[in-house]
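One structure follows; several queries about it will come next.
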Amino acid sequence: MTATEPLPEPDPELDRLYADFAAGHMTPLWTQIGDLMPAAPTPRAVSHVWRWSSLFPLAARAGDLVPVGRGGERRAIALANPGLGGAPHVTPTLWAAVQYLGPKEVAPEHRHSQNAFRFVVEGEGVWTVVNGDPVAMRRGDLLLTPGWHFHGHHNETDHPMAWLDGLDIPFVHYTDAGFFEFGCDGVTDDSTPDVSRAERLWAHPGLRPLVGQGPKVNSPIAAYRWEHTDAALAAQLQLEDEGYPATTDPGHAAVRFTNPTTGGDIMPTIRAEFHRLRPGAHTRPRHDVGSNVFQVFEGSGTVHLGDVAWSVAKGDLIAVPSWVRWWLEADEPLDLFAFSDAPILERLHLARTHTPEGA
Amino acid sequence: MTATEPLPEPDPELDRLYADFAAGHMTPLWTQIGDLMPAAPTPRAVSHVWRWSSLFPLAARAGDLVPVGRGGERRAIALANPGLGGAPHVTPTLWAAVQYLGPKEVAPEHRHSQNAFRFVVEGEGVWTVVNGDPVAMRRGDLLLTPGWHFHGHHNETDHPMAWLDGLDIPFVHYTDAGFFEFGCDGVTDDSTPDVSRAERLWAHPGLRPLVGQGPKVNSPIAAYRWEHTDAALAAQLQLEDEGYPATTDPGHAAVRFTNPTTGGDIMPTIRAEFHRLRPGAHTRPRHDVGSNVFQVFEGSGTVHLGDVAWSVAKGDLIAVPSWVRWWLEADEPLDLFAFSDAPILERLHLARTHTPEGA
Amino acid sequence: MTATEPLPEPDPELDRLYADFAAGHMTPLWTQIGDLMPAAPTPRAVSHVWRWSSLFPLAARAGDLVPVGRGGERRAIALANPGLGGAPHVTPTLWAAVQYLGPKEVAPEHRHSQNAFRFVVEGEGVWTVVNGDPVAMRRGDLLLTPGWHFHGHHNETDHPMAWLDGLDIPFVHYTDAGFFEFGCDGVTDDSTPDVSRAERLWAHPGLRPLVGQGPKVNSPIAAYRWEHTDAALAAQLQLEDEGYPATTDPGHAAVRFTNPTTGGDIMPTIRAEFHRLRPGAHTRPRHDVGSNVFQVFEGSGTVHLGDVAWSVAKGDLIAVPSWVRWWLEADEPLDLFAFSDAPILERLHLARTHTPEGA
Amino acid sequence: MTATEPLPEPDPELDRLYADFAAGHMTPLWTQIGDLMPAAPTPRAVSHVWRWSSLFPLAARAGDLVPVGRGGERRAIALANPGLGGAPHVTPTLWAAVQYLGPKEVAPEHRHSQNAFRFVVEGEGVWTVVNGDPVAMRRGDLLLTPGWHFHGHHNETDHPMAWLDGLDIPFVHYTDAGFFEFGCDGVTDDSTPDVSRAERLWAHPGLRPLVGQGPKVNSPIAAYRWEHTDAALAAQLQLEDEGYPATTDPGHAAVRFTNPTTGGDIMPTIRAEFHRLRPGAHTRPRHDVGSNVFQVFEGSGTVHLGDVAWSVAKGDLIAVPSWVRWWLEADEPLDLFAFSDAPILERLHLARTHTPEGA
């Protein structure tokens, strides 16, 4: 927005007025409006890519130097968007961190208002115990810890494991909506089943247990297993090959992780999706209100963010601020996990998407 | 409801008034209220059990005598509730029929407002083609044909196949809401895939294709496969054995078939569930507003309907009118498919359930 | 639907089969489908007009001959659609009756699952007491008695009063969903305030009391007063005169009575509206799935039902069965109250409307 | 949250790790968690009261010195919460400003994603033109300008007028969700009707125009008039006097301004209410997640915020940050307008309320 009319000339009376405003804890709109209400979003957050090849070794060094325990609670290293002044926020609303748990280590139980998930880009052998239900973590899995669910983690193996934590910490902090409570110092159930009880009850396609009727705020599926995600994506590409509409763009399969009790997003503030591109395929350029974060799961390709093209490979993490034009291009088969704050924008009717080349 | 005050004495003036009412197409409430507005539902429909051992041979005889084709459309033999004066309604709102398709026969395509499903108690080898998507029918599967979807069936084998059709024909007829349209005389796609395209796109637990967002009126899952239903029920009983709440009553596992885009019922007028009882287990006696229909899938047991106990075995079909007390008891492991008009009652806020022994 | 293929020839084996079907409480679809599943609705109910000039005198005669009291409960005379075999149903789902209360008479309290309203075409002086809240009844008012609310009526004047009762009795009877309970023999509060407590709490535009948050099944507004309805309709016609879109058709103003806690219909099964046509105006011909009932409130005009034109005047009641083409034409300013079962059809996704001349 | 386990000892290797984190745009959780995830909200915003007796004269001085026109757009002076570092935010999510329009002045039209309302504590004579519909502004009225509606204001009188503007500017800025567009330089309709067209169509209790069906994102009622608000509050206190439950606390009447098409809040991000206390009455102390703002409309009393009691009088504006204990006490009859970000918290399932003395 460009001011088309001059602001008032410098004037001692005006200076006095502005000083009186300041003394009275007041601020005039007319000097602020361009920044406050731009023609389109002008995020402070910037596009950025963090390399797994840097992240993982740093996390491993922390594994040697920093204990896990009550107080610090988690050995999690947050991505700090370079535009946000050092705050540990990958975007204004979202938190993304690499969490690292050494052999036989335990992260003690706690609960908080913040919604959390874990996504496993490599490794296995940790169980996250969510409200007493042990959930195995394996490559490709998405694990949920919705708000106010107790949770702790324990590594049963002789090797370390690292994964992606995604939360709405910045949003809950911004809205002053967070509560936190310590739980048991270890984990309440250290058994190591292959499949959680939540999955056994809930992870059957289109089937609900009669004991769990009515809509639930969060998905009751504790773990979205890679075998299902992979099968769903593969099926979309096969259907495309057979001539049926199933893909989002040509060569671009995509699924959304959903709450089976509503059909909506897994948690009130966070959307999670998985995207697969055939070699040579690309997504349509788009601008979204709200922020997106991607992690390359497998393969390599190019992420176009505004006018910059970033080559990305396995494990790399990508932050896309609001309204930045973005698109993906696959060199080889490219699998990406994605999460965003879209439910916040949609539930408050602030969502907008623009696809300059048409939808 | 008992009249506590005498109705008016016989009187010639009153007779004249009643005659004038009749001539004017009017009816007084005061002579009707006891029947119209009883203290609790007094259904005309009665409890009844139809035996598979009778149904199937009759269907087979129809297979010899009655062709399938345009006009008659389907070789379906409806259960006619003995209380409903010969109308082909298993309850006031629901239709249940045995449909029989001989070797190599084809039931031509059509579509109608009425919502339909098929449940397969035995056999396989027929494909139902729903809006062009061939859906294999196999023992234990629930197949959907929501309102206004074109559908036809073809038997690819040398043996006949029979299954249960469930529809809301009586309700749609009663509300004068039905439309019907002929489609192609054969089927639009006679291929015989193991899995339908709808399943490949939709039958992944908690995963939705990005191309199909938003709530849908009907479940997009064309087929709920037995392997998933069986696994979900088995898991509930295992969880119970392990000491976790998962079953509806002790020894009574149950799942509801749902629309993954809403978490609600598969279709707007019909609920479908599957129940499994351990030997010796029983459900709690209950009275429901609305009507229930069961089909024994496997095992044997006793169905208590009001004061009558009916022994039931594989394939038997059971009609439970509104507010009749019912409960199930298993002799051996007992699996039952169930459907009802509960979504009608619930969406119109007329549902009530009473469990005399407590919930 | 016309059978395009011959049904099987007469045949003794077939006769035996049909007899065995009948004995086994079974009915073949192929002999029934044309009636059960027509190409478009073929209602048994017929279009009909009942004249206020006949209804009111008959009600008055009943006033002389039939007491009001416990047992008969109400001196209500139902309109019996000529197509429905004498059943006291104005359409398959709806009940419409003239209720008549003599000077100083009291109709005792009861409650039932059935949803009810009263609409007052003339007169005043009766209070309906709904869950203990006395609601004055005056010309033009719509008064609600949602399901399971206790209610009784008392006439405080020396003259009789008659009004229209609308209920979902046939629907609740059909679905076997009705419960009934007697209440106090008189009325629980015989005070005669101008305005009910429910109105004082709820009938303020866009304002809700903080004590009554959340969606409610039924509108909490006990009385929709004529002054508001009249003002809303007048405003639409004025806006039209000023060149703004406000009317449903040219010269046709219309409002829907709604539940302020949801924006939806007043009760789960019944829609109520008020229509006003300028002299010479007409509505667009339309076919609706579901049944409509109108009562002329003021003025005169013509109601076209299928191919028949009925001249109508104040108080006349009109039944429009499902899918019958209907339109209204005003000779002089024409005000009509309307109700229908549209919420049933809409909530179950069976609603359809066709406007042959375009929407 | 208190760390119960020591953080790692100072250590050069750790220093190097932290430096490498910083260089890689990463931040460890374990040094941040206490601030990021406190046991209960610890807002940076503080409780504060702005005096109308200061605000209005400052606004008047701005009226002399600062023109209104394209570029600055509005002569609005925002309340800057003393805890928020000078940002023009009354709370982290909300904007509250005094807008001042001199005799015959015009604020040009524009539109933006941000949702806005005006509340008039005194004066009249300005029309706000919302999507072409002129809306008179008078004492006690609440006027809506939902997101992306064009709007401008013009003062038709010879005296200035000032009012409260409330918006979600900080929230939309934070989420990078805002768009802005200039409109016409004057106003598109300079007529001065007493009642807007939106009100004529929509502000009838429980009545909706047939042309405007379906839920709408924002309330279509452009103006909630004082006469209705006042009547609704008076009725609650009268009902309380008569012995009926109608008030929120003894002597405390309250209404919420709602969207008649949903029964929910007027706009997706902002709740508005009006509270009236009898002399001597008080509200129950409470802690709310989310932020509240009050403006005294009439009367005087005490606002308790945490441990501080602030005497307040007409026009004073009060900011209550998240989770600060607050209650109101009336010296004389006390009328307050209130707004908050509660819809944000509720739609995202982050709302909590605590009433230490019981609900």
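Observations on the structure shown:
When the chains are written out, they are named A, B, C and D in that same order, and each has its own residue count from 1.
Following the convention adopted for this analysis, a contact is a pair of C-beta atoms (placed from the backbone, for glycine too) under 8 Å apart; a residue touches a chain by one contact, two chains touch by 3 or more.
Please read all numbers here as calculations on a predicted model, not as lab measurements.
Centre-to-centre, using mean CA coordinates, chain A is 43 Å away from chain B.
With each centre defined as the average position of its C-alpha atoms, the distance from chain A to chain C rounds to 52 Å. Inter-chain spacing, taken between the CA centroids of chain A and chain D, is 30 Å. For chain D, no residue reaches two or more other chains under the stated contact definition.
With chains as nodes and touching pairs as edges, the resulting graph is a single ring in which every chain has exactly two contacts. Here the chains touching each other pair up as A-B, A-D, B-C, C-D. Against chain D, in their complex, chain A makes its touches with residues 1-8, 11, 13-14, 17, 20-22, 24-33, 36-43, 45, 48, 50, 54-55, 58, 61-62, 65-67, 69-82, 86-88, 92-93, 97, 112-114, 147, 169, 172-182, 217, 268-269, 289-291, 321-323, 341, 343-345, 347-352.
Contact residues on chain B toward chain A in their complex (touch as defined above): 197, 200-211, 213, 215, 219, 221, 224, 228-229, 231-232, 235-236, 238-239, 244-248, 254-263, 266, 273.
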